[in-house]
Structure formats: structure tokens, C-alpha cells
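In the two complexes that follow, chain A is the common piece, with chain B as its partner first and chain C second.
Then we have the complex of A and B:
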């Protein structure tokens, strides 16, 4: 039997990270909490208002709208990107000279900075100088993402799919490669159909990577800011104004620090809840 | 030094409470290590999990209370304290 020695001195190695996180996250978060209960006029003049900003934020129609759009956007992103990512991963070659080519091609969109993606799509989707917009017009669609909310939504969605489906593809591809050949041989002996192989061998083996992929895509899409900001500026009207942009307008545009802090905390709590749900799902799936 | 953080007595008390809870839980873990168990909740939880679930749900209860109820917030705080105690004991 191996005698395990407890050596708690290793915890000292974690101290630099704790200090770093304290300075970069915990102290700013505490400041946000302090701001959320005060009306701040200037650094010297501030009045305690209790839960007023929270009540205002919770009852604000614009925030309800932004939250609704945000949830809808994140759900649509997941509904499109996850099945599409799995399908592309299944179609990719497993060996041969095309593997590297396909992987690099797929990884390219993920290397482009967020605001550059916004700019690329802003030009691409314009009817006068952009190829995408021109093509849509030539095909007979009355497409104008600066005027029609539906077109703006479609453009933002397609842009996100273009930017991030590769993440799901690469995760699933890695997951598929890790399935031992013996499973496929057994399925072949049993005469399993292509669908049965996918349903009973590939999909169960992909569960863990998919949970991580869904978590990453959900969190990223829930915090999306730069791409729609550059592409549509939140418009037309506020059709594509998502939570981050609404928050920025409140905090930087109108300089309402108190209400913005209260709203940030509500946003933070929603993200914390979702992260916890995913974390619990992941830990329970891996121990099952 | 910490003037820029705009402290108020209420938020200082709140964070002080959280700090006391964390230090208390860490100390308790040393003298009486937690064991994962399954109770009221559908998932097995440790003591820290139950505290986290209790605090997070309390935050949402407070938000709901602020949005929907006209009564003072401390009533929600009392209800949440009872809820966290129930979670820690029976969940």
C-alpha cells in the first residue's frame, strides 16, 4: 500500500494567482457592488440609495428587451453551430494530405480579432460594395441589414456561425479521433447502419467535448459585444442591441455608474448561474 | 487608500460577512472535513457546494423580491437565511 503524505506547502504556489485575481477581478467587482447602491456624482459626492438601482434595472423595459434578444441569440447560435459543427466534423477526412488543409482552413476564422470580423462582415454584407449583399440583391431578395431588423439579425447570426462554428468542429473532430477503431469494427460485425454508429458510438463519446463546446459557445455568445457593435451598431433601432452593448451605453454613454453597476451585477449573476449549471453537468457526466 | 472603491457601511458589512463565511468554512474543513452526500437536492453535494447553491439562490430571491415585492428587503434576507440553513442541514 502506498502511504500518501499530505504536503500542504504546495498551496503556497497558488498565492501569486490569488493575489493576481484579487487585483484584477475581486477588487473591481467589490467596487461595482459599492457603486450599485450609490448615486455617484463625482468621487467626493455620492449618496446611498439602497436597492433603488436594482429595482430600476429589473423593471427597465430596455433591459428586458436586451436580455430577451440576448437569450434568443445565444440559443439560436447553439442550435445552428452545434449540429453544423458535428456534421462538418463527421465529414472531415481522418487521414491523408487534406487533413492539415481542412484544419487550417477551419481554424482561420477563429484567428481573426472580433472587431475585424465585424468590419469584414459590414463590408461583405453591404449591397453596394459587398459581395454578400450584392449576391442577395441579385438573387432577388430585398436585403438591407441597416434598415431591416430581420436582415440585421440574420447577418449577425451568419457572422457568428462563420466565426465560431470551427470551434465546435475542432472539438468534435478531436473527440471523434479519440474513439478506438475496435468500436467501429464491432459495429461493422453487427451490421450497424451509419445512423446507429453515430447515435450509439460517436455521439455518446462526444458528450464531454460537446458539453465544453456548448459552455464556451454559450458564454461567448452571451457576452458578445464587438462584432454586432461594429456591424450594426445595435440597430436598426435596437434590434441587435444585446446585453453588453446596452450596458456600455448605460455606463460609458450616459455615465450612469450606479444603474450600470446594478445591471452588471444582475448580468454577472445570470452568467454565474449558467456557469454553475454547466459545471455541475460536466462534473456529473464525467463521474457517471 | 481605498477611497476610490466608494465603500458604504452596508456593502462593507456584506463583504465582511462573506469573508467570515469563507474563513469559517475553511477552518471547519480542517477540523471537520466535509463528505459528499445526497439530501434534498437531486445532486450529491459537499458543504461548500450547499453554501454556494444557498448564496446564489439567495441572490436571485433578493432580485425577485426587489422587483416584485413592496415590502422591505430584510424580510427576503431573513427568509434566505432560513433557506441557506435548511440547505446546509438537510440538502
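Then we have the complex of A and C:
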């Protein structure tokens, strides 16, 4: 028989973690939870409304539209940036004086603050004073991102590709460098084609970094706010109004804090769910 | 299968090699016979991997030519040489099954599906991979993975030679033996030309018909395990092969005798008494004998310690201030102190500037 003495002081060891998590996540989130189930006029006057705000948020047409655009945007961002990032990483030099030059050049866009990126492209894409817009017009395209929804979409997409493809490139480049030379030598001896080397050596060895890259790019693009806000202001019409911006309009513009809080929670759950689904799918796939 | 001719091959990793020290592989010219099992033996950094990579085509030699069955392949690509290689760490295609791994080299060469199937089955049977043929290669043990690497080399009908670059490094000791035996069986059955790089002498001596001993970019001796043991061509071979290594004594050769310090040992040295910077006599610890009485070919020795190693003993001592090791039977009772050291005359070798000099009687 083992005599165990209860020592409740051990709980003290968990206190730092509890405090940290509370301040970093739970308490700020509780504010949102508070607003999502009550109608708050001032600190003294508040009414419990149950699921009313949630129902309202779920039925809001404008939020549906924003969610649809958001999903489409994130999907396109992933579809463009991941293959492009892998392709660029494959083309980068492995050694020599150009390595650091290329890496710095690639890392630069990521160092630019989000709203500055918006400003850069806002000016760059203008037909009158921006090089990009001027070039498009000179080439004979009827390009105007402030008037045409398609042009606005294209501009936002190109901007995001410019800003974030480097992340995928750098992750893949690191992944490629970690493949031992013997694999390539063996593949040459086995007579493998360039495509076979990519398909059976490089891609399998990149799976781990790609999972991280895709998750990061998904989460970031799903929460995009500052860049399209500065570039197009969500327009023309609502064409480039994504979820964050719709929420901001709801919360700060119209001061509908209840529905905004309710939708924030739904927003949060959507990201969590998609990340979980994605992660499970990938890890399941790679252990099969 | 093919014979390999290294024609005046040399390699330097520098642009303009000036001195011999700049060469990772010093100039050499050797024939490697069709169907032979060769081991490249030497310490780390002696140039054996350089030589291997030159043969497989991963490296272009800075001088000389490589001929496969008389065909010059020096500038040919790896694919055109039909040489297979097994690397130090098992290289397998993680995402494929064992079957697909084995079929990979054939499919890349456009071999027909039915022929692929038949060939893969043959190889799998030969290497006992039948049970795991359809499981994924990723989760297998290192020895199974290394067997697959070997299988990928064997599956091609057209390989001229299979090169092994220390293939048993990551394998558990008890499995090393099994894998080595598998290799030996494959060699006996198919008479392939095998070249096996290792720094482990027991691995080299059990595997190969011909052992190539290298040091500092130079091939010192090519010979059967017995030749390397009995007649090391270079003092390095004497030191490197055998446990403990060969005994060497600096000496002078004067009419029918070797002068070691103040002692005189009677030996044949016909034709070897020529000027050299360093003259040594060398003898294996196995060919020395200790006794209480002096004899025809004996010198006084001071025995300092005796070590019992199970089925034999190693006596360490001093001969004219030079260390000497003697390998003795387990039964012989030996004490420390002065004794007489008997040299077997037929196994006493003369080395001039580290190279063996064959004495004429």
C-alpha cells in the first residue's frame, strides 16, 4: 500500500500559466462573449438577450456576402501562392554569392507594414500616377480598380501574392536544403527524370513545411484587413469587403456591438474548424 | 557486368594542384576484374569515397580515364554508366511502397510492366522482402531500408558494378552479419562486380576477394586478405591491418644481419641493403615467439605486461627501447621480465622508406 500525501500547494505551480493564458486569451475573449449574449447600453444597463445576436448575425445578408468573398479570396491566395512559392524555391540557387541576395530580396515585402503595403499598391495601381496602372492602360487594358470589381479583385490578389509568397518560398527553400545530397545522387543513378525527383523526393520531404506554410497563409488571408481597406476601401460597392472589414463596419461604424461580438465568435470558430480539418487531413494523409 | 579500368586516374578538389598533397586521389592505374568483390579500406579522409564517386560518375576526375569493358565513360553521365550505388544512409522513396521502390529504376528506363513485375518479384525473393512488398517504405527499420537500397541496385539487369559506400554504418551489429551474408550470397549467385568502401578491416576482410588499402589519397596495396596479412606492401598496411598491428623496428642492414640498436638479428636481405632514409624490419605479432633460451633468430627482450584476451594473449615489451607486441597461445605461461624473442625468418620483412623490399635468398 502506498501512502500518498495530498499536497495542494502544487497547484501554485500552475498559477503562472493560468495567469498568462487568462490575460492573453480568456479575458479579452470574455469581453466578446459578454457582448454577444447581452444588450449593453452602459455599465449599469444591460439586458440578457440569449442567442438573439447570434441568430441576427447568422441571418445577416451582408455577412454572408463577406464570408463568401473571404472563402473565395483565401482559396485563391492558397492556390496561387503555394505552387508559385514552391516553384520559386526550386529555382533559387543553393550556394554561391547570389543566395543571400535572393533571400533578402524575397524577404523584403514581408517586412513592409500592412497598411503601407496597401498604400504602395493604392498608388502603384492608379492609372494617372502609378506605374502599374499606367502600364496596364498603355498595354490597352481598360484597367481601373476603383470602378471595376474584377480589376479590384485582381489588384488585391496580386498585392497579397507580392506580400506573402515569400513566406512559402523561404519555408520551402529551408525544406529543400535539408534534403541530403545522397537522395539526388540515388535518383540520378535510378535514372529518375526531373519531374520524378520533384514528385518522389522533394515534394514528400516538403510536406511538413508546407503544412505550416499553408496553415499560416490560410489564417492570415482569412483575417486580412488593413491592405484591402487602404487599397480599395472594400469597394467598388462591396466587391472587396472581406470579413474583418464587414465586422469593423458593424462594430465601429454602426456600433452594433452585439451582432458584431456574436459574429466574431463564429468567425473564430470557423478558423479553428478549418485549421483543424486541414491539419487532420494532412497528417492523416502523410501517415497512411 | 564489366571490368573496370582506372587509367592513370587522379583527382584534386583544387583548381591547380601543385604538390602531391593537393591531390585527394593520387595518380594510379588499376584493373578491377569482372565479377570480383573488392573492398576499399582505409581511414576516414583517405580518398576512398573520392575514388568511389569517380567510378559512379558523381565526380569527374581531374586526370585520367575510366574504362568500363574498354568503353571510355569518363565524361558519361551517371545514367549512361549503368553503375548502381548503395549509400551510407539508406536512401528510399518515402512515399512509395517497397514494391514501387524496387520498380522505380526499371520504370524510369521504360521497362515493360510485366517485365518489371517479374524482375521485382525475383529480387524481392532473393532479398527476403516478399512479406513487406506492399507496405509503405517509410516506417521500416534501417536494415530493411538498406536492403531495399540494395534491391534497387540489383533489380536492373544492365548494371556494370554495384558500389557500396559504408553501407552498414547505421545497421545494428547483429543485423550487420545477416546483411553481409546476404550480400555475399548475392555475389556468389550472380557474380557481380562489387566495390565496397569501409574503414572496418574485419568487414573488408570477410567481404572481399581483393582488398584495396588506401591512405592519404594513395592506393598502397591491392591483394587478398592473406597477402595483406602476410606481405604488407607498405608499413601503413602493416599497422592498419591486423590486431594488434605489425611490429616495426628501425635498423641497419649489414652483411646478413639487421642491426637493431646494439643487437644483431640474422636475416636474408639480398638486394635490400641499399641506401634509404629509413630502413625497418617488420614482423606480425603472430610470428613472434617468446622463450627462455636464445636461438638462431632471436634477440633479448624485456616483457613488461601480458594481457589475456580470452583465446589468446598479448605480451607487450621493449626491444632495445622500442615497443613490441607478441601474440601468444592461451596455454603458454608467460611471466614479465627478461626473455628471448624468436623471429620467424620467413615472415620477417624488410621495409625501405615504408615500402616492402622483397629479399632475394
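As a convention for this text, the second predicted complex is superposed on the first by the 259 of 288 C-alpha atoms of A that agree within 3 Å, B and C clash if a C-alpha of one lies under 4 Å from a C-alpha of the other, contacts with A are read in each partner's own complex, and residues count from 1 in each chain.
Note that contacts are C-beta pairs under 8 Å (C-beta built on N, C-alpha and C of every residue); 3 or more make two chains touch, one makes a residue touch a chain.
What you are looking at is a predicted structure, and each value in this text was computed from that prediction instead of being measured.
J.: Looking at A:182 after the superposition, I want to know if it touches chain B, chain C, both of them or none. Which is it: first, second, both, neither?
T.: Second partner only, chain C.
J.: For A:61 in the superposed arrangement: first (chain B), second (chain C), both or neither?
T.: A:61 contacts neither chain B nor chain C.
J.: Taking the superposition on A as described, I'd like to know which of chain B and chain C A:27 touches: first, second, both or neither.
T.: The first partner, chain B, only.
J.: State whether A:273 touches chain B only (first), chain C only (second), both chains, or neither.
T.: First partner only.
J.: Figure out whether A:138 sits in contact with chain B (first) or chain C (second), or with both, or with neither.
T.: Neither chain B nor chain C is touched by A:138.
J.: Which partner does A:190 reach: the first (chain B), the second (chain C), both, or neither?
T.: The second partner, chain C, only.
J.: Residue by residue on chain A, keep only those touching chain B in one complex and chain C in the other, then list them.
T.: Shared contact residues on chain A (touching chain B in one complex, chain C in the other): none at all.
J.: Along chain C, where are the residues that touch chain A in the complex?
T.: My answer: residues 56, 58, 77-79, 83-85, 87-89, 91, 93-96, 104-105, 108-109, 136, 149, 152.
J.: Spell out the residues on chain B that touch chain A in their complex, using ranges where they run on.
T.: 3-8, 10-11, 14-15, 43, 52, 56, 59-60, 63, 66-67, 73
J.: How about chain A: which of its residues touch chain C in the complex?
T.: 180, 182-183, 185-186, 188-193, 196, 200-201, 203-205, 288
J.: Applying the document's contact rule, which stretches of chain A touch chain B when the two form their complex?
T.: Residues 27, 30-31, 33-35, 37-38, 40, 43, 46, 48, 50-51, 54-55, 58-59, 266, 269, 272-273, 276, 280, 284.
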